[in-house]
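For reference, the structures are reproduced in the following blocks.
There are two complexes below, and they share chain A, which is joined by chain B in the first and by chain C in the second.
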Partner chain A sequence: MDMKRDYYEDVELFSSPVVVFWFIVLIGSLYLFPMFVDNYYVYVANYIAINIIVAAGLNLLVGFTGQISLGHAGFFAIGAYGTVILMIKAGFPFLLALPCAALVAAGFGFLLGLPALRLEGPYLAIATLGFGLTITQIIGRVELFGGRDGLHAPDLTIGPWVLDTDKEFYFLVITLTIFLLLFMRNLIKTRVGRAFIAIRDADIAAETMGVNIVFYKTLAFAISAFYAGIAGGMYAFVLKFIEPEIFTLLMSILFLAMVVVGGLGSMLGSVAGAVLLCWLDLKLRNILDIPYLGEWLKDLSENWFSITGVSNIQYIVFGSIMIAIMLFEPLGLYGIWIRMKKYWRTWPF
Partner chain B sequence: MIDFIQMIVSGVATGSTYALMGLAMVIIYKTSEVPNFAQGEMALITSYFAMMLLTTMNISVYLAFFISFAFAAILGAFLEFVILRRAKEPNVLGMIVITIGIEMVLLGFVSWKFGAEEKTMPFPIGPYDGFIVGGIYISKLDVLTLISALFFMIVLYLFFKFSKLGLAMKATQQNSVAAQIVGIKTNRIMMMTWGISSLVGATAGLLISPTVMQPFMMWDPMLKGFAAAVMGGMTSLPGAVIAAYMLGIIENLFGGYISIEFKTVVAFAIIVLVLCVKPSGLFARHYVKKV
Partner chain C sequence: MKKRLMFVLFVSLTFLLSFTPGLFAEEGVTDTEIHIGSYGPQTGPAAAWGAVPRGTSGYFKWINDNGGIHGRKLVYHMFDDGYNPAKTKAGVKELQEGTGIFAWAGGVGTSPGLAIKGYLAKKNVPWVGPATGSREFVNPPQKNLFAVYPLYEGEAKVLVNYAIETMGKKRVAIAYLNDGYGKNGLRGALTSLKSHGMESVAQVPFEAKDSDLKPHIMKLRQAKPDMVLLWITPGQAAKVVGISKAMKFDTQFMSVSTCSDFIFMNAITKGAWEGVITGTFGEVPDSKLPLMAKYKKEIFDKYAAKEERWGIFYYAGILFVEPMIEGLKAAGRDLTREKFITAMENIKGFKGVGPEVNFTPYKKGDIYSRQGTSQTFLVQCLKNGKSKRLTGLIDTK
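Now for the complex of A and B:
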């Protein structure tokens, strides 16, 4: 889009003071946002922010390194259970338990990255998918993890503060999200990030140029798993209660859908994809409550379909979005955004 | 000893279902290199279609099944024609996402139309019909599944080896441009492939439906069938079937002797181990990437 003239322009975080200004405005409004809205919307914002973290991490793996993962719900579960267990059983404070659990997830990511060195395409898909399912099954069967009954999240205290409402928790979530996204954006612009992109574009060429494939592929898996672990740890406190049934294959698919719908290899895209799909997810759970559309659907369901299965429309919507994006705009929402920008820049002509 | 044989028998029975799903996936992958995640749901919708025919219309079971098979074949061809063919940049990730999308649409449609509750399929053979040979219980349904799996394996193997259409399918996978040059209509071949594959998958769906019939019934067989196909090398029909039986038997033995709780995940652990040692499966020639 914009022409880059030298190396420093390519690596700088903000391209102009105008961008810095808007960035500060965005951060400010994100922090002021809970003062003006209901508690429910703060809950939604927490939910979305957590999914943004996972989507960003998964995008590093899928979009930037060119691997496939259908097992991110597994890392998410490790983060969630790890954080809660470390706090309950080992008495860790939250701010220590969260990175520890995420590091455990990263360790598993490293392990999964080892077979991934030799696998690609459908082989990698089934290996990661199997990993995700295995983790959920194991967690559901081990007593330490609460088994099928699940676990209650303990009270969340950071130093002198007790974070027991969604609004208080929001500030923690949003701070971590902003920090992690900035870190990711910087990472992509460094030597490491360029190595990831080189592996995606042509792994043999990258290896010839001296990129250590073993190191960088496993690193991509580990970082991606770390992000999912952090997000999982916070998700446990959004839900206040975790059970193995939450972390299904469907969740992994949804994470992948966020990345693909948003746009592969674009940070902005992951954010947009996560926001869109999470919002739709929450809306479509109570589809009959939507004005006008809900009543029409109710009529339709009673006459032609079954009223008990009406919430399954969300699968139809998600599936159609995934198909439509892949067919018409493989770059996702980010691609649409780029095209809009181009169109308006030269508008009258 | 009886226990052991009984476990092997149930393993073979489970393996047959996996084998049918695995075969269906291999057919599509052989021709178009698409790992088809929608396979299970294509079978699901066919089973529900058959159930609808049997419960609402007064027709014989055989006619209903015949119509369902035709429906399955048309559905497969239709999906290829309307969706897969329109993909702009067919890379592996894109294809996986599209087929997962199809899967979700079909799953959502079925559970919207029929509700999420358990249904009963008016199948001529019940799930508990069986006979006892030397102290071992064999269910009739399992025998039927075993026969259809072996039947499809042999027929498809011969089909790909000797028939003109089968050879054209192979040619399409190996080099679609060259195939077009020698006069193969690759688009039409793809459509037929999807039709045949959908039909094979639908057989598995119809044979599972007497035992369990709810919208998520095809997930486990589909994933295990996919796992078997990958383990067999993704392009080898006998490989997929052998791997499916291996998975089925190992799973049942593991469930019987070690831990019934982790029975369902052992298949995936095996897959990961096998793939670590042989990255392109047990029965495929090693895949060498062209630069």
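Now for the complex of A and C:
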């Protein structure tokens, strides 16, 4: 079992050479992935990777630091708008505009972290919710940001390369995602990460032990917002067009659902949650094509749930899957993974 | 020996090719089918617009039951994007690259449409009748994209012209939604006022999410207008007219074609909509036009779900794609995208249940080579949501 004998075992990034091997295999296959699949799946992969970045950042806040945010679509919007505006109006290259916009988002994250010092649970949820709703209203009223008409993303060039297709864009997205996830994993294992966890578990005890609550709570918000900002900046180039109405409350809720369904306080959980929910959101309508089951669901939907004859059963299935996961495994997908690992460890005995 | 082998190979290859049906056919076209795609919200806050692709669906079923097009049936692939542009783009790519779509029909909303506009242009996949009046779809014009929805700007101009010239109104106030839709209306209204040497007495911006409208109405009332032009959402327009009546703010209201479903508007305002004048992008629901009656009987009554309503959104789904069927018929049995686009460009004076449709060969910078409609007519709401036609077709250019 995972018996740790000294401090360095606790902080190392990979626990054994076997893990390193599988990590390299995974990275390699991720980079080879676009060569074997249709362009559509590359687009879906880009979309999922962007959501993974947001989920990882949000998990740092919700899962590791014990705060909550219903306003992450706001940071996402700041990242998207910031990147596009810095490129169009200030002539920044993409690789500079993206982190700058994310830093702006982080600045807002810091500001939102301040009320979080006094607010907890549902009160904090409402404060962040207000932020998420306000930010799109403000963006919509400013002409520089394109108002309600929105903005078109410029061509994406990095040095001599023009990233025009989904496949070209994929390599950028996947590189950034891997880098940000590794950074996050590393961060959690450092003093800073342990301070976050201490705040989550018992903030008064943490403060007694010398953890600066003001600093670390606002830092958690800022880092989380930074991740959402980076993701937002790339999202603008997935859609090539942004407008305020895209960044809705529903989006914030979906981000939070990814983290909770995936598993709070787990990196793997963020990834699994984002992959599962994005996939279901995009593909669940194909459930109606399954022989027999699809027809039955269609009948059910048309007779009981839809007044227009167009099936909406996929949303009911979507909700049911989320409820089932939380009901049977409160730790989310990460909990299922742990159970599977335990089961196979002793297999076949 | 080698020569003989080559000859046999050549002959067999020619033989094979000549008997393989559809080997040179266009993407999305087989011997018996034409695949058409569309999208629209069936769930979420914008679901009211979902009737548009359902109307198209009924229309295509009707076409198929009447023999299809040159022996081919239309296969209609419609998906629910929930008005989320990321999902629109994913769904469009999935169908385009997975199933292979010959052309796209309709498609609800400005931002979902703008998210896929570039993608379809790059692949040169024809797209007819996106359900949005935004200028961005035709300005600049794009070879593959044929717009049928009239531009809001021209419609506003016609309304204000009518108010000033025919009704003798002198004090015009404008309530507009603070987005592309509202600002296009505002621009058109101001152009008309300017041409008459007048200015608006008030311009009041609305946000789509504004639900308490009393401050807006107070502002309008303070300006003492004798006509108020409402370029806001149907729900807001209903509220403004309803509350104004309750506040004894008596003035002539005029509004945009999206609010021309009088039966619906009259019902939600409990009768206050009576007297309102709007432009319209097609016939009114209770129109006496034989084609409308035919569509209602043969399409709506036969294919629509029990709870569906014969409202403007439903038959707009027919109106937006009527020219597409015309183009497909004209392109002939040997269907390719190039031939279809040429056939669309040759559509002149086509009249379905909407205004007259005209396209011309693609010309850079010429909006009207791809904006098919430039006419509207004005209608007034009577008691019980009945409508009275006030004008003939008026050019909005």
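In the analysis below, the second predicted complex is superposed on the first by the 308 of 349 C-alpha atoms of A that agree within 3 Å, B and C clash if a C-alpha of one lies under 4 Å from a C-alpha of the other, contacts with A are read in each partner's own complex, and residues count from 1 in each chain.
Heads up, the rule we're going with is that a residue touches a chain if its C-beta (ideal position, glycine included) is under 8 Å from a C-beta of that chain, and two chains touch if they have at least 3 such contacts.
All values reported here derive from a predicted model rather than from experimental measurement.
Engineer: Between chain B (first) and chain C (second), which does A:Y47 come into contact with in this model arrangement: first, second, both, or neither?
Structural biologist: Only chain C is touched by A:Y47; chain B is not.
Engineer: Could you say whether A:G150 touches chain B, chain C, both of them, or neither, answering first, second, both or neither?
Structural biologist: So A:G150 only meets chain C here.
Engineer: In the overlaid three-chain picture, which partner chain does A:N312 touch, first (chain B) or second (chain C), both, or neither?
Structural biologist: Touch partners of A:N312: chain B and chain C.
Engineer: Between chain B (first) and chain C (second), which does A:L129 come into contact with in this model arrangement: first, second, both, or neither?
Structural biologist: first
Engineer: Is A:V25 touching the first partner chain B, the second partner chain C, both, or neither of them?
Structural biologist: It touches nothing on chain B or chain C.
Engineer: With the two complexes superposed on chain A, say which partner A:A90 touches: chain B (first), chain C (second), both, or neither.
Structural biologist: neither
Engineer: When both complexes are superposed, which of chain B and chain C contacts more residues belonging to chain A?
Structural biologist: B
Engineer: Could you tell me if A:I290 is touching chain B, chain C, both of them or neither one (first, second, both, neither)?
Structural biologist: neither
Engineer: On the A-aligned overlay, A:L119 touches which partner chain: chain B = first, chain C = second, or both, or neither?
Structural biologist: Only chain B; A:L119 stays clear of chain C.
Engineer: Determine, under the contact definition given at the top, whether A:R141 touches first (chain B), second (chain C), both, or neither.
Structural biologist: Both partners, chain B and chain C.
Engineer: What part of chain A is shared between its chain B contacts and its chain C contacts?
Structural biologist: 137, 141, 306, 308-310, 312, 315
Engineer: Enumerate the contact residues on chain A facing chain B in the complex.
Structural biologist: 62, 68, 114-115, 118-123, 125-127, 129-131, 133-134, 137-138, 141, 204, 249, 253, 256-257, 260, 264, 301, 304-306, 308-310, 312-323, 326-328, 330
Engineer: Under the definition above, what is the set of chain B residues touching chain A in their complex?
Structural biologist: Per the stated touch rule, the residues are 29, 33, 35, 83, 86-89, 92-94, 96-98, 100-109, 111-117, 215, 219, 223, 226-227, 230, 234, 261-262, 264-265, 267-269, 271-272, 275-276, 279-281, 289, 291.
Engineer: Write out the stretch or stretches of chain C touching chain A in their complex.
Structural biologist: Its residues touching chain A are 42-44, 50-51, 54, 78-80, 84-87, 89-91, 93-94, 97-98, 111, 114-115, 118, 136, 177-180, 182-183, 207-209, 304-308.
Engineer: Please give the residue numbers of chain A that touch chain C in the complex, ascending.
Structural biologist: By the definition above, chain A touches chain C via 38-40, 43-44, 47, 137, 140-141, 147-150, 152, 235, 238-241, 243, 245-246, 250, 281-282, 285, 302, 306-310, 312, 315.
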